[in-house]
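Two complexes come next, and they have one chain in common, chain A, joined by chain B in the first and chain C in the second.
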Partner chain A sequence: MSELFDQFIVEAQELLETAGGALLALERDPADRASVDELFRAFHTLKGSSALFDMAPFTRLVHAGEDTLSLLRDGRRGMTPDLADRLFRALDQCARWVAALEEAGTLPADAGEAAEALARGLSGGPADGAAAGGGEVEAFPWVAGLTDEERRAAGEGTLTAIDYTPDPDCFFTGDDPLALFRRVPDLRLLRIEPAHPLPPLAQMDPYRCVLRFRALSGAAVEAVTPAFRSVPDQVRTGSVTLSPAFTPPAAAAQGSLAATMLEEQTRILDLPGSAAERESRRAAVARAVAAILTALGRPTQRAAVAAACGDVGSLRRFLADGPGETPAVSEPRPSAPSAAPRRALRVEPERMDALMALVGELSVVKGQLGPLVRRAGDGEMARDLKAFAARVDSLVGDLRHAALRLRLLPLARVFDPLPRLVRDTARRLDKTVELVLEGAETEADKDILDVLGEPLLHLVRNALDHGIEMPERRAAAGKPPAGTLRVRAFQDKGGVVVEVSDDGAGIDPAAMRRAAVAKGLLDPDAAAALSDADAVRLVFAPGFSTAGSVSELSGRGVGMDAVRAAAERAGGRVEIDSTPGNGTRVCLLLPLTLSITRVVVVEAAGSLYGIPVALVGGVQRVKRGEIRAVKRAESVVLRDRVVPLVRLRRLLGQPEDERARADDCVVLAELGDGPVAVAVDDVGERADVVLRPMTGVLRGLRGYAGTAVLGDGRLILVLDLRELL
Partner chain B sequence: MTGTDGSGPRVLVVDDAVTVRAFSRRVLEADGFVVDEAVNGIEGLERAMAAPPDLVIVDVNMRKMDGYTMLRVLRRDPGLRDVPAIMISTESKASDREQALLAGANWYIVKPPRPEVLVEAARLLTGRPLGGEGAP
Partner chain C sequence: MPIRYDADLACFEAACTVEDTLPLAEWLEATAAPRVDLSACTELHTALLQLLLAARPAVTAGPEDAFLARVISLSPLGRGAG
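What follows is the complex of A and B.
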């Protein structure tokens, strides 16, 4: 049944996700009927499906959820934030259990208790009698989590529950836990479980008792306690009442099902309804009765049965008399092919990577066709070669696109946790926040999604924590009391952009300058020289935003340097802009995939280098006269900003460019700390390359991200500008 | 009512829970039935009309169209109104059973069904001999 179990895991995950979404919607709008229904159905389906397996606590909890939703649906109970919390907790617990089931195949040992506690929380009172029974069941929550089998073994009525967690040193004090239970009268159930998760075998001390014992006895409490006289401090007893075990109604003997079913058909004839309804029921009953009789080896003519189905009395008589012997014949029906459900194909990541690498190599090899065609000249063969090259070119392009698409997933995957995160965080902070998600359908490589998830949560949490103000402060500032948090994704320049913006307090550049000085990161003059934009960008400086006080000053929280680092590791970058009083916008700019890097090819001292496009803010020529030199440090004004200028030749330890030139070619590199103008000899094309990390003796070389081969076969070194600068 | 081509009676399982559908399919196919699936009442009716089954097994609570509605529509359709129907639900109350029969079910089974119970009920309602292997 493991395939069925796997199916359950997938279904449960989907349902829990649906339920989470519906609950969020419902909390926002308690009158939302569709969401109530959705949520109810999710619990209901989980109940039905989980009951197919031995996971009573799971079923118990989702059953309680279903009951709660049923009350909500009928208007007998109202939605409150508190109830939403409880439902969320129940869903979270289920999600953890599903994870445990997927991992280990069983629920954790404490599931019964957890289910009971959460279910009680949902009903807002003691556990309902139908499932748990009365007495002191609450003191023994595991009793409610008994499996049907255990429940049948225990029997019904008032029992004595025993909880015994022996002292770990009990073997030295002469107690024998198991022997104690042998003295318990009318022991109906004994469960021996680890008291705590078991340590690894190597760390297990066989001389210590790591178990706990739970038992049910049919005897009264007074009759049970003497058995545990020697260990009163380690034992708890109490009486519990168990309702009858649920027995499937048709556990009855073979053959009697047919009798019951026939009796039921008779009864159906008597049910109220319109003439048309009764007529069609009669037809269904006639066919069912004929089938049942055939199955019992008493084939009957359909017409005879149909005639007998006129009323209850005649059917009773017909069944009692025993029908005739003519076998019923029916046309064999061709069976329609059943539609196979659409299934996603799972592929090992390594195979995917191998395919991508091959496609990358193929792109490179394809590039070498171009120069070949040019060399071939003008002949007929050259023309054919050219046509052939064009065809290969377009096919390789399509192939690359198709291979890339295989790895693309919608950003919805990283957006999905956000509504819940925002809801929980806002509630914890007593803030009202409207989350707007846009572009969840935007696609990116799975690698990129993996990189994106964590920083995105971070940015959202920060915006809620430090960006959006308390409702009173917002009202005082003339803003609507509810803050708006917008998360927007879109594709841009062959990459994916995720933008997190809020309409909160924004970041005060003056406060940032003061904090930078106070933390000793900048001296007062350097701080004063920073533009406002650069001052705001200080949040990305390592070590800047670690103190709690900074968040109050800056309106931004902890760990922005981690966000920046994650973006950069993925070959992307992060941008921020903020208007005090109006809010903050943080942009993550990431490549579409990690497998192929798009670079700008530049030349310096006769060699070619690549700079990842994600880091390039622009390319332009600057007149020599516009470059200002203070001592050896040069700078240039670009887009109204003073940008430090570095020369690639110098960075690489190459001789200065001796040629007399009127202007310099400059690549504007957007690094986390602000832009840097990199002067190069020349700027070439943009190219997609498969980046190969440095290996062997070159591995220790700093400043290079790796090597790559251009389409025409030329080798380039891809620069790691951050390391170089 | 077993097909002469060696295929067993056709059972249409209508349930929105994929696990329950898979369970029923597994259990019934193992006993020689040919199983078709639908995820709600509308799809169930569509499938039934496209190829009338020998038995429908219908869940109660489904989106778009629930099991009660599906059975009522089924019973009004001249070509399908006598198709035996089992309603299957997590509810064990007598009133739920009554409602199922009123809607047109011939039999009512509480979820989760035990495999042998499901098989026996399916055999009875499709006229297959009890015990022994399926096809005669």
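What follows is the complex of A and C.
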């Protein structure tokens, strides 16, 4: 496809996103003029750019959207949740089309009908309730194509559509298709048309039925079907929703006289001539434009019009952007800071990976410079070498930082779908939920964002579904009827934290304990011994939260273990805390990037290993006497929690440490279903390493996430503690 | 006989059934400017309707039966009759 087409795809995606956001804002505050304008601009631009290509249905639909918005803007139509639904549906359809265009280069075959149906839905007035038939209209495309006269005859509301194509030989079996319609209750419309073009009378077989019947009834589907009991295979019925017949606005619609006149003014402005001639034309054009706009019911400040008439481009923009509200075109509009979005540079991911790998290697090689400099001794040359090494050091650091930043994207990307998700879900559940997004500008590696998207949606859906209570229950509990769902992102010691918190019912630890026992995951004593925090953490245990009954008990939904698994796959972890009655907070802690992992280097039996920092809750020395042993199962009390203790040597099948020591070095690992203390011989530095997955014969080795080279060139094995335990 | 043929005018009376199909087809074909009077027609078989739709005779009087009146008035036949 041409570059122009590619550009259209990218631009359309951006515009649709912008439009979605503006629509949400508009639904929340129907008086929000900036959002109406933004939405209008998006539809308007889409209309213009799509018209460059062969995609009439797309243009048709966005044009209908633009018309609807211009009515909204002029206050001739009000915003309702129902209209928002229709506009959302139109945006969704456009997004699907853009995806199809990107993939196949053309719109799907049914695009015309779909556009027609959606456009009709948009131009119709606010229909009462029962918008459920929207999807059904698509099954009866002719319903969308009714003439105005037919629409008036059919009326509005939920109707039953009948599509009856009689068997051509039906006359021989005694059928009289027309007679069947006498038995249809509340028949609003009957359209009889030839199924194929009728042949000349002389060639017609009078005993073959060539007609097709299409009808609308005001009765319910169940009341209509008995009439067609004898021909069930030839008839199709379904309910459709019709909105009242609607007359499009005459003023300033595309192709109207006013639009043509305005277009003519821009042409006049562009005519060649001397400076004086152009100046006088400019004044005339400004007067004409102001007069036309006033005639359209959009009086505009003369100064603003005059400023816009400086050249053709700005006049066009001025007219397109909605002249009524533009105070002064020469000033940038504060409400739309990204009027001309910077075009993103697209780079193949493989090239990025290659660059990252090189940067990683460079860091490792640079690390070897240090020992070399030390070997050089104290001479003048060594001093220079040291200064040089320091410079290389900082440059490599900067380079790595820059390379990492290339892959960083704002979290806005994963936040963007949330307002829509919350709106739709809350509307479905009849709950009122205020979504608060914070820190959308926080940046993280693209890979991390890809990992983050799914679990985040899951957490949000869960919070809406099970966390936030119905308004009545909230009121009874003395809370505001509208729940608050807060999604907050921020950076924290080398990682990204995304926090999803609600002010809902919270999780009852006692119910969690009972459920764990009932599920056979824990025996009653073990369950009773759990702290409240650990009991709540049970939602992450595999096989626990997948039970439907548990979700009711705990007030938490299914699949929390999937969230945990996703976070851990990305080298992160998930935390939860909840206060019954006050709400729940779930934290996803993820590393900044997948390509560089920060590890704690530990030693066991003379070898070095790495443990991802994301899993490490702390490192400390524990006195031998504080380790309690029941047979070979050891445990230790750390931070007021009883934590099982494992010895890395034992895990790796190495001989026991025979040295007599007063205390053990312990790394506290926070695994999803609880902390584990890992006893190691020694704990070394923290290091950023490029993790290389195990390849070849080593691939089958369990318990290792991969290998990595330390700054000084030593090789370490990075442990996968979950697999190892 | 529910359909009475009178030179170039056919009068439909009472229930006009599938039996009338062939005679009507032949008459429509043979008549240069056929006209039909549907005023007394109470039932019109689909086969007859499709013949009328194909031949488009002038309708001198529409059916009095409400259901048929609607069918005819919404069809090209109705529009032809004005």
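Everything below uses one rule, namely that the second predicted complex is superposed on the first by the 507 of 725 C-alpha atoms of A that agree within 3 Å, B and C clash if a C-alpha of one lies under 4 Å from a C-alpha of the other, contacts with A are read in each partner's own complex, and residues count from 1 in each chain.
Following the convention adopted for this analysis, contacts are C-beta pairs under 8 Å (C-beta built on N, C-alpha and C of every residue); 3 or more make two chains touch, one makes a residue touch a chain.
Owing to the predicted nature of the structure, the values given are computational and were not obtained by experimental measurement.
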Partner chain in contact with A:2 - chain B first, chain C second, else both or neither: neither
First, second, both or neither for A:209, with chain B first and chain C second: second
Chain B versus chain C as contact partner of A:178, first or second or both or neither: second
Which superposed partner A:284 touches (first chain B, second chain C, both, neither): first
Residue contacts with chain A in the superposition, chain B compared against chain C: B
Doubly contacted residues of chain A, that is, touched by chain B and again by chain C: none
In the complex with chain A, residue positions of chain B that touch it: 1-5, 7, 10, 16-20, 22-23, 26, 34-37, 47, 50-52, 54, 59, 61-63, 75-76, 81-85, 90, 92, 101-102, 104, 106-107, 109-114, 117, 120-121, 123-131
Residue ranges of chain A in contact with chain B within the complex: 1, 3-4, 7-8, 10-12, 37-38, 40-41, 44-45, 47-49, 51-52, 246, 248-251, 254-255, 257-258, 261, 264-265, 267-268, 271-273, 276-277, 280-281, 283-288, 290-297, 328, 330, 332-336, 338, 341
For the chain A and chain C complex, residues of the former touching the latter: 166, 171, 175-179, 181-182, 190-192, 194, 198-202, 204, 206-207, 209-211
Chain A-facing residues of chain C, complex: 18, 21-22, 24-25, 28-29, 43-47, 49-51, 53-55, 67, 70-71, 74-75
